[in-house]
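Some structures are shown below for you to check.
Two complexes are shown next, each including chain A; its partner changes from chain B in the first to chain C in the second.
So, the complex of A and B:
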């Protein structure tokens, strides 16, 4: 890497780190989120306890695989692209985006850096306490059967980490599409109301994807949201074996590339029609 | 080649419009009507390096549009424009590295960050070396008296404080050209003076080219050697503040008691208020004063330029389409 591209990389990193620090200030929201997600985590576990007690058939997932799915899902909920960054939405609405265009940076990459931090920071704030709680605290208070199991193997655990990195990239790219679309819609309210109804279903957060009927499986397989929850969770539990995990992670990156190209082209179109308010 | 070169610049916006009322709103859903607004029409000028140029015009005249085109944000509908030999909107990233811009109505600082962190982020964004950054920021902090503000989050600053910080932020990367869009809007007298002397110093000592839009004629008189006047997207005047002044003078006379003016003298009177009369005289002012003092007993007397606002307002009115 030559000196110029290195310092350019540094510029985007600085943007991301700054935004990251800012989002980390919203600790109250993170604690409240943690409480809510814990509550729903318990409800989901109880639903599946009832489900597994009521069935004699062999299900596509074991109870322990479902536990992994639920607790990781609760911990990584904030990673899903279900909302837009209020700061970017505000910049677009008030015309503050002019200053973004005054910086010697590529606009897509500039926003991508900000969006990456916007997705990563709250996730980190919630994931850590959720993992501690689900793994350590639950057994201590007598719920050891409901606790989060360890990864299936060391390799599964490692691949899970790689897969979550891909999830972050994928989710950020998808959020970017929404951010670019804001240039047309101006208000982010539409996305903020619509996406929570769509994304968690297709990512597998309402019902784990393998438990959907067989005829739906091909459709569920060929959509990008799967890579935002289902894939990393099943790699962790070994439901996706190690040798298949490489392919699944490659698929996540494939979808990432597709969505980045989509967002980038959308931004080029938006740029030509961008009329900054107050001209 | 001048540093900033603009020739026959055109900008048209398409504005969606709808009729007022509920029916208008419903119709707007089905059938959108667009209206073309001509923001700039055949605007030409050029600015040499080191000039300090005032760009004035009423609201909606096209000032901000020009600045946004010059800084590479907007693409014009026609005409030519080069800044530092680059076409701004085609070489945006390369171009913006050498310009600084302040939009007085909005801040470029990060709202929730302490001021110094905004500066540091700009340092990284513009890839300013640590040594250059230390030198430039120390100087800006001293000149603009920012040291007590550095650790304060931007949202807690007063408008005057924020504007000083914004000005510093636009200069962190030592641009050759500074565009200031209404930098003194809403500022109190002290803050305005500080802003002016800083801009002047930056222009004199660093040779930074400055193009500044304002509604405040005092800004223009205090700062600018040259003036561009625009209305309805058309350039009305390109000259000096002196050019704007006619040879007309206001002669303010306080008489001893209420004067009985002769018909000839009364024809010069514009305002009468008891013993005070304001005359408007073109040329030959000494003769006029001699004549007045010879015919009446005068308590006090003052000669001044007509307020520049009036001259400008007159030009705006004349340019009605």
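So, the complex of A and C:
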């Protein structure tokens, strides 16, 4: 690595760390978010308890695998790319983006560093209390049958961590597409408004993907969003066995590469037709 | 009487101004409404997928759950559109100190906030709710009579009043905690989520909370049982089911009381 690329790398790292610290300031919001997600988790658990009690057939997932899906889903919700960084959106709307273009940095990488922190920081704030609560506290207050189970095996747990790292990268790359889309003001905003509807379904947060009808499974398999929730959750519970997990994580990185290229090319196109708002 | 007519007249002028303002950005309005339609339809898709997989939910059929789902979504869409001023109160009035201006005007704060915005884009959720509710009514083969039609209308109006009251509670809390309280979402959006399924499937402590503390079940599950014409597994009687939507108005009265209590603790952030 030569000196210039090394100092650039430092610049991107500094951007990410600064954003990370900023988001960590909003602890009260994170606490409220934790309460909300806990409540949501309870509703989901009770609905699934009722569904499982009513059925005698063997389902594609066991109740305990669904529990893993629910609690990890609540803990990692902030990782899902359904919203945009309000400050980047504001920069584009007000014309502040010209300052970004003036910097001696690659705009994609610069925003990517910010976006990475925007995704990672709130997740970290929420995931830790959620895991502690779902694993330790629930059994203590009499809900042991609803508690988060341990990973299927040590290997599953380790691979889960690797898979979550891939999820973070994948989600950040997709959030970048949403940021770049904002440069096409109105249509970009329309595109982004669809995401809170589309992303959670295809990631598996509305209904665990294996529980969708069998004829839909091929469509649900070949799409990038499942790498944002379904894959790591099922690796954790062992629903995806250890020997298949390596392939699934590789798929997450494959989709990451596809989406980064997409976002990068979009940004190049956008720069040639950028209209700077404001005087 | 004159005062009521005058207040209503003023409300409609404020609301129609707000509608006209929103229609200035027509494309944005259309896109946002479609977004709302898609986002809420996804939930319906999830309910359908679960029924497709599990067959039924205890003794409950998909159409009955769809009825509850459609009902609560229609009702919530109206409340969201009407109570927008209260929904954004913490962020846009307390945090900024703009509430001072409302206090200086010779009109009730409730009236001014109610008329602050009539949010048209909620039509996306409403449309989706109407589609699901209509499908449910067609499939359910309900033995309709005048009483049931009246009960359905009564339930819907009470439901709007109930969720409106929740938004007033949320706004009042921001007198103490300026940051808008995400925790209230558990009662608004979480309430919608909860009421989509029959109250009977939940645990007892949860059911009690949503009947006696936050009377959500009274504007959805209990009257729906009477409309379905089935025996309530929770054992409530017909009279209770018919009258339970009244709890929505009691809850609204409590919210108003809390609001006027909370106003006394308002300290301006403005300079």
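A few notes on this one:
The rule is short, and it goes like this: the second predicted complex is superposed on the first by the 266 of 279 C-alpha atoms of A that agree within 3 Å, B and C clash if a C-alpha of one lies under 4 Å from a C-alpha of the other, contacts with A are read in each partner's own complex, and residues count from 1 in each chain.
FYI, a contact is a pair of C-beta atoms (placed from the backbone, for glycine too) under 8 Å apart; a residue touches a chain by one contact, two chains touch by 3 or more.
Note that this is a predicted model, so its numbers are computed, not measured.
Taken together through their common chain A, the two structures put chain B and chain C side by side without a clash.
When the two structures are aligned on the shared chain, A:200 is found in touch with chain C, with no touch to chain B.
Of the two partner chains, neither chain B nor chain C is touched by A:177.
When both complexes are overlaid on chain A, the residue A:242 reaches neither chain B nor chain C. When the two complexes are overlaid on their common chain A, residue A:158 makes contact with neither chain B nor chain C.
With chain A as the corner point and C-alpha centres for all three chains, the angle toward chain B and chain C works out to 90 degrees, nearest 10.
When both complexes are overlaid on chain A, the residue A:96 reaches chain B alone and has no touch with chain C. Annotation for chain A, partner touching more residues between chain B and chain C: C.
Applying the stated contact rule after C-alpha superposition, one finds that A:59 touches chain C and leaves chain B untouched. Remark: least CA distance from chain B to chain C after fitting both complexes onto chain A is 8 Å.
Comparing the two interfaces of chain A, the one with chain B and the one with chain C have no residue in common. Taken together, the chain B residues at the contact with chain A in this complex read 13, 39, 64-65, 68, 71-75, 92-94, 96-97, 99, 101, 103, 105-106, 108, 110, 112-113, 117, 120-121, 124-127. Residues 27-28, 31-32, 34-35, 38-43, 45-46, 49-50, 52-58, 179, 181-183, 185-186, 190, 193-194, 197, 201-203, 206 of chain C are the ones that touch chain A when the two sit in their complex. Residues 4, 7-8, 10-11, 13-15, 18, 22, 25, 94-96, 98-99, 101-106, 272, 275-276, 278-279 of chain A are the ones that touch chain B when the two sit in their complex. Listed in rising order, the residues of chain A touching chain C in the complex are 28-29, 32-33, 35-36, 39-40, 42-43, 46-47, 50-55, 57, 59-60, 186, 189-190, 193-194, 196-198, 200-201, 206-207, 211-213.
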